[in-house]
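Here it is, the structure, as structure tokens.
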Amino acid sequence: MSLSLESMLQLCIILPLLTTAGIVATGRHPNLREGVTITASLVILYFVINLYNGLNQGESISVQWWQLLPGLQLSFTIEPLGMIFALIASFLWLITTVYSIGYMRSHKEKNQTRFYAFFAIAIGSVMGIAFAGNLFTLFIFYEVLTLSTYPLVTHAGTEKAKKGGRIYLGILLSTSIVFFLLAIVSTWFVAGTLDFKPGGVFGPMVNTAVAGVILVLFIFGIGKAAIMPFHRWLPAAMVAPTPVSALLHAVAVVKAGVFTVLKVCVFIFGIDLLRILPTTQALLYLAGATVLIASLVAMRQDNLKARLAYSTVSQLGYVTIGALLASSSGVIGSSMHIAMHAFGKITLFFCAGAILVAAHKSKISEMRGLGRQMPITMAAFFIASLSIIGVPPAGGTWSKWFLLVGTLETQQWILMAVLMISSLLNIAYLLPIPFHAFFSGKQPSSGSVAIKEAPLPSLIALCTTTVACVFLFVYPQPLYELATAILEIPEIAHGK
Amino acid sequence: MILGLYNYWIVIVLMMIGFYIMIAHGNLIKKIIGLNIFQTSVFIFYITIGKVDGGTAPILADGITRYSNPLPHVLILTAIVVGIATTALALALAVRIKEVYGSVEESEIQEKDNQKC
Amino acid sequence: MLAHLPILQVIVPLLAAPFCLILRRALLVWLFALIVSGSAFLISITLLQQVLASGTISYDLGGWSPPWGIEYRIDKLSAYLLLIISAISTVVLLAARISIQKEIPADRHTLFYILYLLSLAGMLGIIATGDIFNVFVFLEISSLSAYSLIALGKDRRALWASYQYLIMGTIGATFILISIGLMYQMTGTLNMEDLSRRLPEVAQTRTLFAAFAFFIVGVCLKLAMFPLHLWLPNAYSYAPSIVTAFLAATATKVAIYLLIRFTFSVFGISFSFTALPLQTIFLLLGLLGIFVASTAAIYQENVKHLFAYSSIAQIGYMIVGYSIGTTTGLMATLLHLFNHALMKSALFLALGAVIYRIGSAQLSAFQGLGRQMPFTMAAIVVGGLSLIGVPLTVGFVSKWYLILATIENGWWPVAVLILLGSLLAIVYVWRIVETAYFKEPAASIGQVKEAPLAFLVPVWVLVAANIYFGIDTRLSIQVAQAASQSLFGVAP
């Protein structure tokens, strides 16, 4: 196939939508339907890898669509940060599809066609966010992502799902409409452009007070980054089926949030401006508080998915801190953490789903001794926990390292302490789970029913992501190179 | 001053009377009567505008140089027609309301609607 | 032929209305009305093209030149409005035949089409004419037929709603008539163009202030601006569904057109925005309207009521945009005029389809409809999203410009309030969504089928327009911008 890189870029966004049509059309034949999904995810992964190679060869790839409003164009550009996000999302879409085939079938979920259809739309919008060439394009796909994931969150259709969905949509739409949109319009008015530019768009003459207010609006407006007090949607969204929680709420949606934060900090404000804004420091402390409080709340959760959800809130705080530190190590750490956390957290969710399907358990207190029946799952859980905590031999080590260096560089001693304490808390709420699973005695009540490992597709999926966690520790070079390239984009690459 | 402009005073008084009836009375027919008075005051107002002191009907004749302005009078003919149509429609509605509600009193109609809910 | 388009635009539906009586058979009348409305639509497209290509068209009625003769004057603003109204009217008529079968007794079908065409003719006339007395006459033509249309509703409360609307509407129209009389008294002319030249000479007289005040109150009654909106919810709720879809999308829009036309082209900007503290009053009332009406919408149990209150809130947005008093603000108002017409016609038409199937617009009757009428409910969801102002729908476009306009003016708190107001829209739209998708269908209703194609096609045409004009905004923005600039006298 001799597609140009530009057309591949566009196909990455359009193909998922076409897939949706295919899924709906083949809805009556589950095997065919899943075939369509897997083929599409393979093709997209292939495209994204090609784009990655293109980017490495120094090609500047960008596409302009039509103008939605005068001066505001839908445009897509590939730069290293977006590339990281796109690589993760497309790779994990494939894995999650494999996983959900096992999960959804053995769990006998209803409306699977609707599930896969909206899933595909969500991935399309994630691609749109990753490759967005300006803030306007990003915002549009951001909202599409919110809306397309709503049916996934409320998949069960129960009263509880409805409530969860209400909080989910309520917070995400409200913050994006009130703060995010206002921030975007203000930026458009102050700077006259919404294009992502290396070094920011505001220019040296901007009033720092105004820009500071706009920064606050952005940080609160990007509700998907789950900065307190707008984090409630994440635990609420855990009513969704586990594959949704895994992909969307450990990877796509939350990462879209922190990705947007990072993108805004680096390409709208520019780290030089960010450093001198009056509000940055306060927001840093807010993010730090989010990290600590969420970790503490996570310790008290007995529901495994809820604990993971709060852990996610806390880990997202890391990325926001890294972005707001406004130093090169911070940005590198943040962007690497997007990837590292994605692999770690998706593994944990996969494990949670596997336990639910195979052992029908969702409470942590019931999981004692489970390690003997489900050794592979629990081993995977252990390794992924290590990655989240940030100790070798798992990938999370690197990103946390760079984040710490970032706090050192900028002499943010308090935040440095926050990061350290939080890592300890991570140990305290994650490691006991596999520990008890392997070393505590069997529970007396779970006697008669024999518990086996999860279905094969699910196992394959969770093993793959576990291996990826370790792999990223051993060979983080490509990721690191992408992350360092974020701040070194030549001006020309963004020329019209 | 006051006497010289007495037409306008009448217009204002009639307008207020009509307006008051429309607002204060609960009987649908009385409201329509109020509406008519209100509209009539506007008709008089238009006719007054067209009058020129010492002017006669605008018919060309020897020795007459001052004419009243015929245009407002023509305009108000149209407005009168519109007014009649409005009144007719309002009355028709009142009849239908009487048929289905058995009353033309605002309070009773609202009571019956509330019962239904 | 082409030169006579301005008058044909109005006269075709006006003359066609009595002609319906000859046809008698309801099907024929429907086809005929559809053709008439369709040709009005074609005429409006041609007019818009002409205006965009060669500027304002002035047409002397009967060959008498203005200011003595009556002038029809089509500029960008009026061409834009003509297009909106005739387009909506045509699409709505597509669904009329099937919708009125259940809602209006068969012997009145012909009358319905006659009134519909008369109402259409009246609205088109208001927009096309350049003569202020003509405005009054057409206003009454459209209003009287609208009252009768509403009275056709099945529920007996329709009569009462229609009567109340008649009283309020007539007061409004008479106020406008008084204002016209006062203006004539001061200038001796009825031609808008001529008036705009002569009024500044008498700008500081009390008579003119009185004229202005009468006009503003009258037109605000007509456009249902908060707190003069009391007639609207019942009138929209008890009218036949088709009538609601048609009036909600057009009638208040025409009143807003009148407001803009008179304040900008007749009284003149400098007078209108200084004579009274109009900006402040409109801004406050607009914002209040947004919040009060949106909150009221949240508590409605009848979906038609709900959307009627939402209409009042949306009018609030237009009023806020108008009160900003800049080209961007006016542009936002004009865009929202267009966009809101699309949303509300789609929503009310979809509601019509629901009523056709289940015979009720109560929210409780919507239980489980998400599965039983998937296409209709999907249309309501998209329309609702547009109402909220989600990107890729038309609602987003107008909201963007409204926010931009307030920020340009430095009115940050207003921008925040507008955005907060749109959160209320999420709440009332989501009440419908949750009822339709999360509740099991009520046992009493039994099996409900999807709406017939005759409904789905026009509904989805409008929904598609909601999305299309949210993605390809060239037409609406270009025209709204040009119209707003020319009203402010800025060279484009």
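What to note about this one:
In order of appearance the chains are A, B and C, and numbering begins at 1 in each one.
Basically, a residue touches a chain if its C-beta (ideal position, glycine included) is under 8 Å from a C-beta of that chain, and two chains touch if they have at least 3 such contacts.
Just so we're clear, the structure is a prediction, and the values are computed from it rather than from any experiment.
Chain centres computed from CA atoms place A at the largest separation from chain C. Centrality annotation: C (chain centre taken as mean Cα position, compared with the mean over all protein Cα atoms). Chain centres here are Cα averages; for chain A and chain C they lie 44 Å apart. The geometric centre of chain A is 69 Å away from that of chain B, both derived from CA atoms. Here the CA centre of chain B is 28 Å from the CA centre of chain C. Remark: chain C residues 133, 136-137, 140, 144, 147-148, 151, 156-157, 159-160, 162-163, 166-167, 170-171, 174, 177-178, 181, 184-185, 188 touch chain B in the complex. On chain B, the positions that touch chain C within their shared complex are 19, 22, 28, 31, 35, 38-39, 42, 45-46, 49, 69, 71-72, 75, 78-79, 82, 85-86, 89-90, 93-94, 96-97, 100-101, 109, 113.
Within the complex formed with chain C, the residues of chain A that make contact are 66-70, 139-140, 143-144, 147, 154, 157, 159, 161-162, 166, 169-170, 173-174, 177-178, 181-182, 185-186, 188-189.
Chain C contributes residues 385, 388-392, 397, 399-400, 403-404, 407-408, 415-416, 419-420, 422-423, 426, 430, 434, 437-438, 471-474, 477, 481 to its touches with chain A in the complex.
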